[in-house]
Amino acid sequence: MNKLVNEFNEYRQKMNEVILEKDNLVIKRLWNLDTNTYAPGALEVSTKEMLGLVASMVLRCDDCVKYHLGKCHELGITTEQVYEVFAVANIVGGTIVIPHTRRAAEYWEALLAEA
Amino acid sequence: MNKLVNEFNEYRQKMNEVILEKDNLVIKRLWNLDTNTYAPGALEVSTKEMLGLVASMVLRCDDCVKYHLGKCHELGITTEQVYEVFAVANIVGGTIVIPHTRRAAEYWEALLAEA
Amino acid sequence: MNKLVNEFNEYRQKMNEVILEKDNLVIKRLWNLDTNTYAPGALEVSTKEMLGLVASMVLRCDDCVKYHLGKCHELGITTEQVYEVFAVANIVGGTIVIPHTRRAAEYWEALLAEA
Amino acid sequence: MNKLVNEFNEYRQKMNEVILEKDNLVIKRLWNLDTNTYAPGALEVSTKEMLGLVASMVLRCDDCVKYHLGKCHELGITTEQVYEVFAVANIVGGTIVIPHTRRAAEYWEALLAEA
Amino acid sequence: MNKLVNEFNEYRQKMNEVILEKDNLVIKRLWNLDTNTYAPGALEVSTKEMLGLVASMVLRCDDCVKYHLGKCHELGITTEQVYEVFAVANIVGGTIVIPHTRRAAEYWEALLAEA
Amino acid sequence: MNKLVNEFNEYRQKMNEVILEKDNLVIKRLWNLDTNTYAPGALEVSTKEMLGLVASMVLRCDDCVKYHLGKCHELGITTEQVYEVFAVANIVGGTIVIPHTRRAAEYWEALLAEA
């Protein structure tokens, strides 16, 4: 697995364990709910993941962006589609989104390189 | 037309005119570009409008939310689908998104009442 | 009941009903979880409500501020204590928090006037 | 005086009094410091007020924007210059700044109408 | 001293010196005021530090979070209490706070490991 | 060239190429427009770059801050002036801007060391 992708997943996994073993009920339930949010419903899973991606991008959360890019890649969303999501994020959120778009673009290349 | 919808559209129209007559090139081009962003491409227009909606909602811009709700309504997006967009926004952006969800819900009812 | 307090509570109540009748599971669960978050635990309820207040204030969510001010008032938190929460919010969040502090101060006076 | 300008100034004045009579030392000092920030120094006052304006605009604080627009108007900053500040804010902060630009444009017209 | 804690403190110390030697009066006074904000008053110091922590967390400022975690640790706030602060931050600020919670959790473990 | 400055410029250059070769029209136009925004007009270029700097700082975008610091340095803006911009950003945006001010101060020293 690509180094960038691997490092992200490993740190995420390790710290999730540290947090969950503290057994805070609110945090545990919020995380479960987070998973439910992206389940199929009136909208397709791929649409929901793109919604999660654009929301993460305008809020400028690099790790959230990486997570949703991983999901988008698994779901077969194309590079052209991902860049249209990036475009919406850049227009709505302005040029402060550009540095996050750079890191998102780097991560997307890493996901593509894995295949 | 519904009062809430009407007031939003009228104020928007009136102030856009005030701004555009100042002839600032950067602002004019950004606004053109904004329109292009939601044109059909690798993603459908309805998907793009939902992306614009969720981005506006997590950034807590009530007027932007109203604008994209209007577009979603025109495009035939259902109430159930709109609420799934609201759900993503509430989970990603947290409970501070709730008051904006209330105003969005009110505006959506107004749009439905117009038909 | 004071007009300002009353209007806030009525609109909140009315729109919560509109939203909940749509039966979106994620939104309903998040709202339940929101209630649990401020239940007594390792921290007292009054501490948690002040945490909710300061978080709402730096995120500049006027309606969230009003909600937590109402709770703080019910719990007997003093004016001097509330202003120390305001002070933390103003220092951490900067002078953009000042207009929200004005509206929070107005609402706090309304709550005091009710007694 | 113009109604919009007048209402803003009166509410601001009234609530500042409510807050300051509570005698919270941190808040009082921060407000003094706020005044010092825009005093002449290595940068001119007009430059500093435009810095305050663009910062308020990208942070989407309508009341802060109004305050700095008032100062810019007093200092003789032109409409063309103010719109270049708006342009920077719209590009850096994205289209979510547009609704705030509308309200800023409306307030600027009100300031111009006063003269 | 733990490596993570040490690196944070050293960089902070070094850069504070670089900044303060420039002798900008506004910055110096703001920093003094910041210290005063968390002094004992109508609220206890430990409550104020938790207010600073939750505000930093919802604003997603990792270094601010580290600073307040250090203070919370010195004041004897328990792991269970710190996680209740994290829970408020995650509910109010949403899932974009999760990556910051991971880094906060890692830093808290580092503080615990020092004892 | 200084290591810190060099790394920033190289990564920025490399990722801009990755993004631009995807040929997304909206992103390309936004980037062009970004360049136009800081061209001479009713305001001088140096004023516009300081506007870009303070906007980036209150929005806490480290890479955007670095970019505008580089431009400010090229334009001969003095250390004292740059710190007055930092002061406005710290007052408007609050103490959460401090960690970004540390990194900005470090980068400014790196730019000065290059000459």
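We call the chains A, B, C, D, E and F, going by the order they appear; numbering starts again at 1 in every chain.
In the analysis below, contacts are C-beta pairs under 8 Å (C-beta built on N, C-alpha and C of every residue); 3 or more make two chains touch, one makes a residue touch a chain.
Nothing here was measured: the structure is a model prediction, and the numbers come from that model.
Of the two chain pairs shown, A-D and A-E, the one joined by more C-beta contacts is A-E.
With each centre defined as the average position of its C-alpha atoms, the distance from subunit A to subunit C rounds to 31 Å. Mean C-alpha position of subunit E lies 27 Å from that of subunit F. Centre to centre, using the average C-alpha position, subunit D and subunit F are separated by 23 Å.
Under the contact definition stated at the top, the residues of subunit E that touch 2 or more other chains are 26, 30, 33-34, 37, 56, 58-59, 64, 80, 83-84, 87, 90-93, 95-96. Taken chain by chain, the contacts link every pair, so each chain touches all the others. Of all residues in subunit E, only 25-26, 29-30, 33, 36-37 touch subunit D in the complex they form. Listing the residues of subunit C that touch subunit E in their complex gives 33-34, 37-38, 41-43, 47-48, 50-52, 54-59, 64, 78, 80-81, 83-85, 87-89, 91-93. By the touch criterion stated above, subunit A contacts subunit E in their complex at residues 11-12, 15-16, 18-19, 22, 24, 26-27, 30-31, 34, 56, 59, 61-64. For subunit C in complex with subunit D, the residues that touch the partner chain are 60, 79-80, 83-84, 86-87, 90-91, 95-96, 98-99, 101-103, 105-106, 109. Subunit D meets subunit A in the complex at residues 58, 90-97.
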